[in-house]
Every structure is written in C-alpha cells, then in structure tokens.
Amino acid sequence: MAETISTHASHDEHHDPSFIWKYVFSTDHKMIAKQYMFTGMAMGLIGAFMAYAFRMQLAFPGMDVPLFGLVTPAVYNSLVTNHGTIMIFWVAMPVLIAAFGNFLIPLMLGCDDMVFPRLNMLSYWIFLLSAVVLLTSFFVPGGAFGGAWTAYPPLSAKAEYSLTPLGSSIWVVAVGLEFIAFLLGGINFVTTAMNSRAPGMRLYDIPIVVWMIVIASILFMASVGPLLAGAAMLFMDQQVGTAFFDPNKGGDPILWQHLFWFFGHPEVYVVLLPALGITADVICTFSRKKLFAYRTVLMTTFATGVLSFTVWAHHQFVAGIDPRMANIFTITTLLISVPIAELCFVYIATLYGGSISLTTPMLWALSFIATFLIGGVTGIFLGASGADIYMHDTYFVLAHFHYTFYPIAIIGTFAGFTYWFPKMFGKMMDERLGKIHFWGSIIPFNAIFIPLFYLGVAGQHRRIFDFSNYPELATPEMQAIRIFATVSLLVMLAFQFVFFYNCIKSWMSTEKAPDNPWKANTLEWVAPTPPPHGNFKELPTVYRGPYEFSHPDRDEDYWPQNEPA
Amino acid sequence: MRTIANTRSVSGVPTARLAVWWVIASEIVIFGGILMSYLMHRLAHGLWADYASHTTTWVGALNTFVLLTSSLSAVLAHKCAVNGDGPGAAKRLLITSAGGLIFIVVKSFEWTYEISHGYTITTNTFWSFYYTAAGLHALHVIAGVVIMLIVAAAAKKGRDLHRVEIIGIYWHFVDLVWIFLFPLLYIAK
Amino acid sequence: MLIEALVPAASSYAKDIDFVWELVFWFVAFWFILSEGIFFYFIMKFRKKNSPKAEYISGEEKHQKKWITYPHIAVLICDVFIVVAAVKVWYDVKQDMPPTDRTVRVMSSQWAWTFTHPGPDGKLDTADDIIKNDELHVEVDQLYHYELHSRDVLHDFSVPVFRLKQDAIPGRTIMGWFTPTLTGEFDIQCAEICGIGHGLMGARIFIESKEQHESWMAKNNPRGENLLLASNEGR
Amino acid sequence: MKRIGLWQYVLRVLCGTGLALLVFSNTANAEENERGKQLFEMCSQCHGLQGEGMALSLAPSIAGLELWSLEAQLRKFRDGARGVHHEDIAGMRMRPMSMWLKTDEDLVAVANYVASLPAVTSEATIEGGDATKGKALYGLCQSCHGANGEGLQPLNAPKLTNHTDWYLKTQIYNFKTGIRGSNPKDTTGALMRPMAMALANDQAINDVISYIMTLSK
C-alpha cells in the first residue's frame, strides 16, 4: 500500500509547529474540532447565563438579578432572542456538526485529515468572527436585537419598531457569517466522506454517526440558501431602505416566514441527526450489539431528510397564510412522525438481547432516547392543525422544542463528549463525577420543562416578560410553578460545575487512557491515543461493518473494522 | 498543503470537482431563494410589468452574449489544460476574464443610467429585487474573474492545471444564473 | 376535559379543539408509555450482570424487521385518525365562515388593542361605533365575525378561553369568527412578539348577557370618540 | 403588588440564600435614586440615555422636567387616563411601559431620577413658524404656563421649556382633537382642551411653538 505514514512524517518535518500554529491557526482536523467544541461550549455558557437571567425575571418579576441587574422588557426580549439564536446556531451547530464532524469524519473513515484542511480552518475563523460579531451587539446603542430568533419583519426590518437600529443588523450579519462558515465546513465533510474513505470501506461500512453528520450537512446546504438570500434582503430593508418585507411599499412580511422556516425546519434535523448518530454508536458499543437494521436506519434517515423540506409551514398555521395550506402541511407533518418513531423503535430494538453496561456515555445516550420521545410525541399536538390553533406560541411549544433541543444539543453532546474524551484528550474521565453530573442535569431538566407544558396548556404565551399584567396567568399557583422551574434551572446550572471540574481533573491526571478503552470497532479506536498529526501509524484498511459486536464466530465480543478476518 | 485524504478518490470523481459541484449546489439554493421570492411577488403584482419596462433589454442581451462567449473560451481553456498546454489555457482564461470584465463594465454603465433616471434600489420592490439579484450575480462574476486570474497565472507556469476545469465549471454556473436572471428581469414585461 | 380544568371553554368551537387535543393526547400517551415501558424493561433485563453475552442480531432479516415494521404501520394508522380530526376542526374554525351580521374590528398596534364595536345599529363605520382600547365587549351566544388589522408589526390576537389565535399582518385584513358561550371576563394576549411592549400588550374580553351588553352600549354613548371624527379635518 | 403566600416567601428566601454566594451587588438597601437610575434603563430604550428624547421612537425629551408633572403624567399613563385613545400612537406605546412601574415607590423613584437629569435644549425641527406672531398667541398660554414658559404647579401647568418641538405640536393637536384630555379620568388634561382649541390652525400652532422654542434658549 502506497499510503503509509512515512510520506506524512517527512512532510511533517519541515514545519515543526510553534504554539500559535499548533493551537490557534491549526489546519489539523482534531485541533479545529476542539476549537469548535470549546467555542461552542463557551457560547453555551453565555446562552445558559441568559436563560438564568430571564428565568429569574419570570420567577421574581422586577427583581434585581444577581450578577446581571435589572431585566427590563427590552433586555428581556434581547435575552430570549439571543438565547435562542446562540443555543441553536452557536452551540448545537458548532458542537454537534462541526466539532464531532471534524473530529470523527477523518478518524472514522481512516484518513489523515479533511480533504481541504485550510478551508476547514477558514470555516472555523469565520465562525469565530460571527460569534464575536453577535456578542458585540450587546454593547451598541439601543442594545441587542430583541425580535425573537425567528426575526419576523416588519419588527426586525424597521428600527422604529424594534428600537434596536444597530442590534438587529448586527444579528443578521452574524447569522449570515455563521451560515457561510457552515457551508464551507459542510462541503468539506461531504467531499471527505464521499472521496476519502479507507480502502475497503463500502457505503454500508461507514459508521452511522458519520452518515448522519454528512446527511445533516447536505440538508443544511440544501435549505440554508433561501434564508441567506432572505438575510441579505432583510439587511437591505434595515440599512438601505428597500421594501422586500414592508407591506406599505408592496413587500410581503410573510415571505420572510417562508424563507425562514424553509430553512428552520430542516435545521431541526440538521442538529438532530448528528445527535442520533452519536447515540447509535454509544448504544451499540455499550450494549455490545450490532445496530438493528443498519440499512433501514439509513433509508429512514434519508426519508426524514427529504420529508423535512415539506413541513415548514406548520410553523405558520395561524400566521395568516391561506388556511387551505394548513391541511397539506398537517398531513406532511404527521407523516414525518413515522420515520422518527421508527428510528426510536430501532434504537429500542438494538437494546434487545444486549449486554448493557451503564457507563456515563451510555446513560447520556439512553436518556437521549427517553427524553427525545417526549419531545417527539408532544410535536404531534402542534402538527395537528386543529390543536395547534390553541397551542401555537404557548409555553407548550416552548417546552416541546426544549424537549427536542435539549436532548440534541446537551444530552447528545455530553454522550459524545464523554464517549470520545479518551480519544480526544488521551485521559479517562471520572465515572463517579460523570454520573453525578448526569443525574444532576437530567432530573432538573425534566423539572424545568414538565411544569412549562402545564403552563402552556393553561394558556400562557411565550416571550412575555412578566405575567402579572394578565389576571388569569398571575395566580399564585402559576407563579409557584414558574418559581419551581427557575429553581430547577439553578440546580441544573450548578451541576455543570461538576462537569467542568471533571474535565479539568481528568485532563490533569497523569494516567493515560488506553487506545481502545470501550472495546469499540470503529477506526478512531485503532489510532494511537491521542491521535498524532496524521492520525494513524499506518492508514487502515477496512474489512467489515462498524457494529460487529458479539459475533458468534469470534471469542471476543468486538471485531475492529480494520482487523483482517 | 495536500493531505492523503485529498489524493483519494473513492467515488471516482476528483475531489476538487466534487467540491465545486457542492459549492454550486448550495449556490443554486441561494439564487433559487431570491428568484422564487421574486416570482411570487411578480405573480402577485401585475404592476411590476410596468416597472420592468424601464429595464433596457438590449443591454441585458449584450451582456448575455458576452457571458456566453466567455463560457466558450472557458471550455477551450479546459481543452488546453487536458492536453497539458498551460500557457494556452492561461490565454483562454484571460479571454474569459476579459468577458467577465466587459460584463461588469456594461453593467455599471447600465446601472449608472438607471440610477440617474431615478430607478434606485428603494424605488419599489421590483427595483429592489432587480438590484439585489443582479448585484449578487455581479459579485459572483467579480469573484470568478479574480479567481480565474489567479488560476491563469499558475497555469501559465504549468502548475495546478486541474484548477482550470474547476474554475470553468464555476464560470458556467455563473453564466447559467444569468440565463435565468435575464428573461426574468429584462424580457418578461 | 383536560384543558377545561385549567382554562374555561368559552366559545362554540373550544370543545372541538379540546377534543382534537385530547385525541392526540390519548394516542400519544399510549405510544409513549408503551415505548418507554419496553425501553426501560430492556435496560433492566439486558444489563451486563443478567446477560453477560449479547446476541448477534442484524435486524436485516424479515422476521426481525417486523418488530419495527408493524409498530410503524400502527403509528401511520394513528396519524390518519389525528389528521382527519385535526383537519375537520381546522376547517370549521379557520376555513368556514358561518354568516352573521355582527362584526367587530380588532386593530392591533404597538402596544395596544383597539376594538371597534358596531354599536346599537350593528354596523361598523357609523357614528355610533364604540371604540375601546384594550376592552372587547361581546354578547353571549351570538356569532361574531372579527376583522383583524395591524397598524405596524405582526401581532397575534389570542383569546385562550376561545382557543382562538390569529396573527395580524400589517396591510392585510384577516377575517374570522367566534361564538362566545360563557359569560365572564377573560384575558386576551398578544401571542406574536411585537417589540419591547409585547409583554404588556394584554386586553380583556367581556362576554355579557343581552341585557348587560345593551346597558353597556347605552352607557358608552360614544361622545368623546366621535367629536374626534368631526374635528379630524383640522389636521 | 400581589400578596405573596407564605411558602412562596419561603421559596424566595431559600433561593436567595442559595444565591447569596453570587450576590455582590445587593441593591436592597440602596438609595432611592439608585433604584430610579436602574429603572430608567427601561425608559432610556426610547427616551435616550440622558432622557434627551428620540424622534425615531416617538419619545419626547423628559430630562429635567418638573418632578410633580412627571409623576402626574406617569400616573395618568399607568391608571389609564392617558395613552388609551386609539389614535394616540405614541401614548399607546408609553402606557404599557408605565405599567411596568408596579409600585408607587418605583414610580416616584424614576420620576425623581428623570427630574434630576440635566435639562436639554433640542434643535427646532418644525419649519415655517413665525415666533413674533407666536408671541401674540402665547398670551393665552401665559396665564397658566407663565411668561417664560416656566409653568405653575398650583394650576397644574407644566413648564414648556426644554421640550422637543414635535412633541409640543403633537400634544396641542391631541388636546385639540380630544385624543388627549377627553378621557373622564384626565381631569387636568380636560382644562387644556379649550385652550388648545383657541389655536385656529396648523400655522397658529407652528407659530406658538416657534415662540416657545425661543424661551428654552
């Protein structure tokens, strides 16, 4: 085989990287993955802090929030807006797609790096720029944008309505930059997966997580265009004075909603799929089972991807679109519940006959299924047009999508992070602390959002900063529920310190992790721990699928992909 | 810097060509978004035919001709590159980028004329679409010209000849977008 | 029943919407409990200490695949029921417009609701219109059309007790209908973010009996408002 | 404010104790002015950081106005005596904001803070007003608002200097047409209505405003 690492070693010699080139301007996919991971987590902390500030306002209206100050209505709006934007675009996307995609794709496909390493670096730097741009909006006159993460015009398009003349434009620019960063990254992922697989790796030998990230990247590429165009149009409306979305001058505010949700709904699957992939890998490894019906999973995922482009208008049932359209979109929306339900059944079926060990990553992966089911089933209420008339834009919606996005962005990330931590950093994590962190996150999470379902059914609407002006919502009982949810949030946030302590402690520990601590099959565990520049001592050849656990012909219960028969 | 990953070609399509197809795929949806929005508005507003009558069809037609011609020389450049004729490819790429420049120059005169006659981007939504769609396309032309000059400079020295094909594919795409824009903005009156 | 325990159902279609909701609820509860039950049962049963060696199941063979194929068809059938119920209610509430000669005009603006009641003559845009900010007065058991406008940005006219929700769009007039069935005083909320005053943009709906409504109209002889119409040319 | 149940109070205390580690900026015992300054963050979104007003958000300058008048107007907004007319676009924006001041203490605190801000003299934006003609017309205003527009509290007449001129114009128009002052709860505003009606047309309003603007200098 021509592809040995010797070519690479000689290549490496003439640039012995200095600190800056190794850690900052790195083109190494693993370093870029870590950069994405830590930037995403830092943004996650900022987003969580925002949640803390506005949840405190909801529980104790008018209170001077410790470490934050007074949450005025304008500040409240900008907090909920940016909490949503950050958590989806600057946490879920970079961590799930970019960080795990960058780290896993070359390793799992058995190659040395991405096909375009410099493009990869550019993608990260544009992403970082976009994050900085977004955060600057908090320090400009008028403050940060406060028109919700959906940014419906005319509110977002005109300064006299939003009262944030600069904040709203900065928001649009940041989101646009972020999309460009992920377009570049996505092209890299897809091309790498199509062209650079290890010799012998057929399409059905690719680990599900790689498939999912690639499909997610394609979904993203296919859906983000209209919104990028829309963002350009919105920016022109704000700054140049065009009238794309201004009804008084012949524009149409509903157009934005179509452009936004044409992207916005597939976006849910863009972040969902990588999390599902991570879960699949973790569940297979820790139940020592082959993934149930690999090909069905793949086909179902494709079907979900295609269907996800046909459901967007269920976000607009009561938005003034032609009411006849709602009937079509009710059908497509309920149809998409079928493949998602099927994926859940597959995961449950995978557990059957397994030999399950409840390690920290496994706990996270299992809780993903358990909680995502709640998010999934509550979506049916909202997809059914008749019921959505009442539920639309209530806290029921809010609780529903937190039950999808929390499993995706938080649980999925922790499952992947704890599972691949040994490979990323070369150290094992502390299991006991990991479990404390797990229970300390998962119980308060449910305690936050189950009450919010109740509040939503009781008719409480979103994005209202203080309910004491609504006599029916200002009852002491409902206020008590709000306080309960907020206290749960505080508990959950407090437990995150356990995680950071665990990370630092494990990272500092002197004990090195073995190359394949979980006895898993996929190629990243073949590489040395942590993988050096160039990843493998000798680039592997693949002989079988990724989930050959407990094969009857073999004594050991795992069978690495690169081991000859 | 080339990685081993970059030299592999499991799908049979060279990596760079594969990537440019994906770039084009994502660009198609961007332009698709604008054009769909334009069409929806156009169908809903009969008035727009009147606004559109102020565009100058023959200028648009001239530009169409220029772009199509430049695409032809991009094809010829590719042919040279396949035969290993770097300087020949560079020459033909220069002709293509000259076509792109002519397109931009014609466009700037056209816009100057229109703006000085009071048809600015804020006049009404038709003109907003006109300037936004054509402006975004013009940005692609400019980017294409710049990249093409870089590729041509390398090709002249016989380096990176595979890039001639890549920039050619991109240029055909830019051309194709104009083929959609021209009838929508100029002809449909 | 489930929703009514929290929010009274005060319109003719509120119970239909609640019915769809509950239909979904029971279907979903069934699937949720079933799958979570099996899920946790498997986790308990196939723990490493109980089953040290895992089975090798590809899931690709027909007799294995049926375990996901059958439930998936069953889900599809449940979906059909839900679609039928949802579309039927949707048609009644949003597509169908039962005729009536009572219309109220709802004008939303940053950050107030302006309700134009037709007054004793039952017609809008006449001298006896009663214009009220943040107060909507309607008579019980009467079919009303509403005419929804917005002055600036998107708003959403949401009356939880009616289970009614509709966005207001500047530049468009959106028509809808409701029939109040309970007397009392309830909340109206704005359900679409409309700027910094969004959270304070509440209004009240007063559903009155025929006598109460008539006396309210008599009391609100719209003097102040109409002086304004007369003096508008001074601008 | 709403009465708080006992166990809810306990929850609050527990929560507060939990946070005690984090609390560095406890304002519970801070000066009233501190509270007013803090609350003013809300107002500054529209009225500007120094209360100088912002035409974009239809918010007039409020800095340095008299305390009594600021307080009275805030109460009117909050209690539904002003800003409830459906044509009062700026008023309908202000009314919800005033409802944010839930207690009288907060209301007074923010009024105090605004009154303490240095008064601003804004540029004239209305053209075509004749200050000399306006001076003659001002004779009527003078009896309540004073010869130099300094206002007279016993007559509930606020000072007219240091206002933005477009605000004065809108208000005169509003009084004239009954958008303001016709609400039965607004007893003091009702007094202004006949006075505003004395200004026959647009030109007269512009003239008198031009004159008032000269008083601010």
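We call the chains A, B, C and D, going by the order they appear; numbering starts again at 1 in every chain.
In the analysis below, a residue touches a chain if its C-beta (ideal position, glycine included) is under 8 Å from a C-beta of that chain, and two chains touch if they have at least 3 such contacts.
None of the values given here were measured: they were computed from a predicted structure.
Visitor: What chains do chain A and chain B have as common neighbours?
Guide: In this structure, no chain contacts chain B and also chain A.
Visitor: With contacts counted as defined, which of the two, A-C or A-D, has more C-beta pairs across the interface?
Guide: A-C
Visitor: Between chain A and chain C, tell me the centre distance in angstrom, where each centre is the average of that chain's C-alpha atoms.
Guide: 31
Visitor: Chain B to chain C: how many Å between their CA centres?
Guide: Once rounded, the distance between the two centres reads 48 Å.
Visitor: Compute the distance, rounded to whole Å, between the mean C-alpha positions of chain B and chain D.
Guide: Roughly 57 Å separates the two chain centres.
Visitor: Going by the contact rule already set, what residues in chain A reach two or more other chains?
Guide: Within chain A, the residues that touch at least two other chains are 72-74, 163, 466, 469.
Visitor: If you look at chain C, which of its residues touch at least two other chains?
Guide: Within chain C, residues 110, 196-197, 200 contact more than one other chain.
Visitor: Among all residues of chain D, which ones touch two or more of the remaining chains?
Guide: Counting only residues that touch two or more other chains, chain D contributes 45, 97, 99-100.
Visitor: Let me know each pair of chains that touch one another.
Guide: A-B, A-C, A-D, C-D
Visitor: Which of the residues in chain A end up touching chain C in this complex?
Guide: Result: residues 72-74, 76-77, 146-148, 152, 154-155, 161-163, 247-248, 253-254, 287-296, 318-320, 323-324, 326-327, 330-331, 334-335, 337-338, 341-342, 344-346, 348-358, 366, 369-370, 373-374, 377-378, 380-381, 384-387, 389-394, 454, 457-459, 461-466, 469-473, 549-552, 557 of chain A touch chain C.
Visitor: So in the complex, which bits of chain A are touching chain D?
Guide: Touch residues, chain A against chain D: 59-62, 64, 66-67, 69-70, 72-75, 141-143, 159-160, 163, 165, 466, 468-469, 474, 476, 479-480, 483, 486-487, 490.
Visitor: Which of the residues in chain C end up touching chain A in this complex?
Guide: 2-3, 6-7, 16-18, 20-21, 24-25, 27-28, 31-32, 35-36, 38-40, 42-43, 46-48, 51-60, 64-65, 67-68, 71-72, 75-76, 79, 82-83, 85-91, 93-95, 110, 152-154, 156, 158, 160-161, 163-172, 174, 186-187, 189-200, 202, 204
Visitor: Flag every residue of chain C that touches chain D in the complex, lowest number first.
Guide: Touch list, chain C to chain D: 107, 109-112, 114, 131, 133-134, 151, 196-197, 200-201, 224, 227-228, 231-232, 234-235.
Visitor: Which stretch or stretches of chain D touch chain C in the complex?
Guide: 45, 84-87, 89, 92-93, 95-97, 99-100, 173, 176-179, 182-183, 201-202
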